[in-house]
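I am attaching a structure below and will ask some questions about it afterwards.
Residue numbering begins at 1 within each chain, and the chains themselves are lettered A, B, C and D in the order written.
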Amino acid sequence: MSSSLGTLFRISTFGESHCAGVGVVVDGVPPRMKLEPADIQIQLDRRRPGQNKLATDRDEADQVEILSGVENGLTLGSPIGLLVRNKDQRPQDYGSMSQIPRPSHADLTYRQKYGIHASSGGGRSSARETIGRVAAGAIAEKFLAEEYGIEIIAWVSSVGEIDAQDVDHANLTRDLVDANDVRCPDPVAAQLMSEQILTARAEQDSIGGVLTCVCRNLPAGLGEPAFDRLEARLAHAMLSIPATKGFEVGYGFAGAKMRGSAHNDPYCFKNGRLATLTNRSGGVQGGISNAEDVYFRVAFKPPATIGLAQQTVDYQGEAATLEAKGRHDPCVVPRAVPIVEAMAALVIADLALIQKMRQPL
Amino acid sequence: MSSSLGTLFRISTFGESHCAGVGVVVDGVPPRMKLEPADIQIQLDRRRPGQNKLATDRDEADQVEILSGVENGLTLGSPIGLLVRNKDQRPQDYGSMSQIPRPSHADLTYRQKYGIHASSGGGRSSARETIGRVAAGAIAEKFLAEEYGIEIIAWVSSVGEIDAQDVDHANLTRDLVDANDVRCPDPVAAQLMSEQILTARAEQDSIGGVLTCVCRNLPAGLGEPAFDRLEARLAHAMLSIPATKGFEVGYGFAGAKMRGSAHNDPYCFKNGRLATLTNRSGGVQGGISNAEDVYFRVAFKPPATIGLAQQTVDYQGEAATLEAKGRHDPCVVPRAVPIVEAMAALVIADLALIQKMRQPL
Amino acid sequence: MSSSLGTLFRISTFGESHCAGVGVVVDGVPPRMKLEPADIQIQLDRRRPGQNKLATDRDEADQVEILSGVENGLTLGSPIGLLVRNKDQRPQDYGSMSQIPRPSHADLTYRQKYGIHASSGGGRSSARETIGRVAAGAIAEKFLAEEYGIEIIAWVSSVGEIDAQDVDHANLTRDLVDANDVRCPDPVAAQLMSEQILTARAEQDSIGGVLTCVCRNLPAGLGEPAFDRLEARLAHAMLSIPATKGFEVGYGFAGAKMRGSAHNDPYCFKNGRLATLTNRSGGVQGGISNAEDVYFRVAFKPPATIGLAQQTVDYQGEAATLEAKGRHDPCVVPRAVPIVEAMAALVIADLALIQKMRQPL
Amino acid sequence: MSSSLGTLFRISTFGESHCAGVGVVVDGVPPRMKLEPADIQIQLDRRRPGQNKLATDRDEADQVEILSGVENGLTLGSPIGLLVRNKDQRPQDYGSMSQIPRPSHADLTYRQKYGIHASSGGGRSSARETIGRVAAGAIAEKFLAEEYGIEIIAWVSSVGEIDAQDVDHANLTRDLVDANDVRCPDPVAAQLMSEQILTARAEQDSIGGVLTCVCRNLPAGLGEPAFDRLEARLAHAMLSIPATKGFEVGYGFAGAKMRGSAHNDPYCFKNGRLATLTNRSGGVQGGISNAEDVYFRVAFKPPATIGLAQQTVDYQGEAATLEAKGRHDPCVVPRAVPIVEAMAALVIADLALIQKMRQPL
């Protein structure tokens, strides 16, 4: 539903690059949960640009303010309004681009859809729109951790042609992910990825990548067939992130090449429950979690705004050369880590609350 | 939301394998549109099992009845109820499986979620649930074709390791797709795919595959940022189809390996509008259609129910060997073609109606 | 949302007078609940026309068929499809009315809205549309009775100028309500009401009335501020019933004439909980149930279709006299009793499931 | 949906009395509409307490800030975030009430529902929650006025036993309504109402009242049967306002006493269209607007918080006397005028956008 997401745990985001602020209303947060700004700020800081040499050098403080829904450090059960002021606005950077729609950017489609567009070009397709998601997701994560022990960890698994190897889902931590700037827990790959990004930047180009995310300790039973299957809701949430082009859960596209006898996950009895010996399915069967790790991958295209000259046409259809000015990320995947985590948390929190409707009184 | 999908063009499906029937309520269909059962039956027949030697040999007539919303061959604007009776039920086929949850099937998760399960095992995860989708999708398609000239065509682009080559999006027709049983318009690949499927069947195994779908003639402007982006809604719809594990739009995961300078689609002026020279984006920018072809791929895992012996455990956790009886598709992708088309049509119809809210009076 | 109602316990109705059938899809019904057609039929029989001399003499059997969602007498947790075939169709009765829109009927507005209208005139404004509601409401009621001990009883409290006296909310039963044809538990008033209705019928006129409904044993805590307050959801549900024009909860409009000191319900301690000494509020404070009886009143206008000659104009704007043919209820309130009960049950069931999201695991 | 309302024109409100601020996210506002803070402030000022001697003397400036969705004085089509800071907080006024739940107030039910409550007692049942509604409603009104010429005017039609006479719906203006403090356009009744309110205040008591609202120039065709009928949506919206207990459209409860022959609105031909000679229906037939004035009444109970001593019990069930401190409105209806107008505008704007889905391209 446009700028709202979720049924019981529901968010409504607002804001674009050059307005007063961006934020979110989070409805359905369980009452009596401890919550303070620091719980949210930690993920906003991970999302923030200018963290290191791999990202744009815009310094956006992105301090969150809790407007409502919390009193004396406890949630009230009422909607939580969150606001982050926009500070570092340089609309002049977009001047030249106002005549030429950026190839593969939302400049043109926003204008086609709304008959107007924000001075920043792509309006809500801006990366700043994701601040509200990350802030809301931090609350969802806290709820899931406290009530279910759920842990959600995303990392960069590919940049360009470089793929991470040997990531152990079971023992991965955010500290391991954040151990390097590229947020890849495979240090060898991380080094190569970093070089790829710096090279792209030096060449005024950009580069794509893939994130993987694992969600541990989900209870069995989450996901609402037919249309709110866990993987459907995750796919929806992930493809709503700017620059995403693909989603796969479990073995995904690779599994489509396999035989059933090789792809199926046989059952065993472990830790007092039916478990699976393998987990090619990615923790979901028939749209419902089976208590194994849920893991999925999200493809991000290379950012559309590049400094390299592009032969294109302007809004009047006249041939034009575009060399984008301003500070632009050569690769979004390191900063996308907390965004993917947030979206996963929002989906799972919603499905967890919905499943409670089947609890006995 | 569970068994409902859509905001303005909205469906609510019902039914599982061994009940009286399956069907759907389709709300929001524009009034004064010609509609007769044959418009719907044609896609149901394409979905039906037992069509050829590649599929299960269950003969399910699957005749649709229009219960409401149509009078004298015209839609009234009121909800259209559609019903397909279940006929060929053989619950005894599932007897042995009632003690052993099928690996990678929904048998166990349905039980975990609902504390009960249908005699057929997976309940709504059954392929029969998709009948309502296909029936509703046929109505959505008719609306899109008449009002916008939109054409939606899906085909099998991979089976196992076999990939189709050289499919021309612009001139593809459903007749070309249906020219062979495997529904791959590349006849060379189709032959190889067919062999793969027959071999898997002979070995009592199953095999996965990939569908590609192209949607032509979409107007610019469809898709509702931030959360109802066109690609997000498509991903959601596709991952809600049983057995799907992945989705990618445009260059998808392959694009994530690229540089921006190589991936971007520069603009040109063509046919009186700004068009793109290439279409690596898959017809969508910032979540909004740009009037180029929308195309995407959907990964289907190999069917979980196989005749081959599987070492697993029963519901009590005791070691067991499962050799599934009954008639099961060795590969679902040929029959999934009309399902993918239907889901695409439902998403696009909904977004098209929503975009009308921005029309002047 | 148009023909759907509810968030977790959700219905989608379909059907009008002269199509194959009317029905409903009920999603969100808790699994493992006993359910058989008779549980539903009992309320459909109370809604059915032709029950007695006060109603239209159309004999509509209105047998419900459970299409899905139930197996071996137990709900599966999947959507329950319900169908009632239309039998007694006499479209010719509407012949003369096809040229003249009935005053205060939906004939004209349906045509204005949809640019087409069903042969029966008002399309979905037909009383037959309520069959799906009553059928779904019977399931909701069963759930509420079994899980919470909730009882919902509506009765006719006014017909024209005649008002019922002395109805004891605490001891009222449906048997007491059904003890007379007019469904008013005050036998003196019932006799007068019955005379009013028969007189109106004899004069080919119609007459309005009011229903009161009491809901007993609601737990405290149901209702979702700000917009899904219990009374807001009830008002919405009641005003969605054909022919309704008003709703009030507790003292309603009469309370608006009072002082706070006279209207407030002071607390006492009773049965181990804080209770109210009086219940002028109607069991709801701030949009949330307080465990006292919820009661409300619903105003029904006199049916618009009357045999008496009406001076009006036809669709071309030419002066015309309309004398409606066919069998029409002179007063809808006796038959509306199960409809009001059903709508109340649907609202409460939905809010009860939503409130479960605040239960600890 | 809890703190969200609407399908296409959709709001999500947040905030309670003693947090940082209250506000709303308004999604679905058509793009390219002129909008500045003054368009919103004008209605907030009418809602503000402390405007005159009839209301509480809290001076709340309630200045609105537009956070997003507007650039250069034009709407972008993206969500509009609106924020009003809380300034005049005196939580100490609520000290004594923290031990004793106020009779007929939400203190207890909020605690029952959420297991916690805000220091102000009723949390979101606070009148401050309505600021977001009024702010959003002002935007909806502007859209409706510019696109359809719709005018929405509410006024106080009753205070206690005093009823306004002779209000001419056709020529009423907001200036006429605001000509006196009580906002009743009948000056004689207004004087009596004012005395009633001042007397109640002097006696530390409160008094109820009724608002009437007329909506002029609605096009025919708004309202979505079966469940989003215009009157159902209006009833829902009105009963979601704090302190409301009743709703009636057209002749409402009075019409329920009438015969059909007296209540029906015959058609005539006027101004080039089919119109009705009378308008007892209140501009709606079968849930759909018929282009006549829509008018309805809303009952407000007397405010629950009064200074007069009330014999009740505290949270432990012990007998207690409550004499509420602080500044409380003796009568809410004058200030409720812009709230009712806002809620009407929000409902109509949503239904108007939805009806556009039936426009031809």
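Operating definition for what follows: a residue touches a chain if its C-beta (ideal position, glycine included) is under 8 Å from a C-beta of that chain, and two chains touch if they have at least 3 such contacts.
All figures in this text were calculated on a predicted structure; none of them were measured in a lab.
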item: Longest centre-to-centre distance from subunit D, chain (CA-based); value: B
item: Distance between the centres, which are taken as Cα means, of subunit D and subunit B, whole angstrom; value: 45
item: For subunit C paired with subunit D, centre-to-centre distance based on mean C-alpha positions, whole Å; value: 26
item: Distance from the mean Cα position of subunit D to that of subunit A, given in whole angstrom; value: 39
item: Contacts with two or more other chains, residues of subunit B listed in rising order; value: 1-4, 7, 13, 28, 31, 77-78, 113-115, 123-124, 225, 358
item: Topology of the chain contact graph, where touching chains are joined (line, ring, star, complete, other); value: complete
item: Subunit A residues within the subunit B interface of the complex; value: 1-5, 7, 13, 101, 103-106, 108-110, 112-115, 122-125, 129, 158, 160-161, 200, 205-210, 220-229, 231-240, 242, 244-253, 255-269, 274, 276, 280-282, 284-291, 297, 299-306, 308, 310-313, 315, 317-318, 355, 358
item: Residues on subunit B engaged by subunit D in the complex (per definition of touch); value: 7-8, 28, 30-31, 77-78, 147-148, 225, 353-354, 356-359, 361
item: In the complex with subunit C, residue positions of subunit B that touch it; value: 1-4, 10, 12-16, 18-23, 25, 27-28, 31-32, 65-72, 74, 76-81, 83, 113-119, 123-124
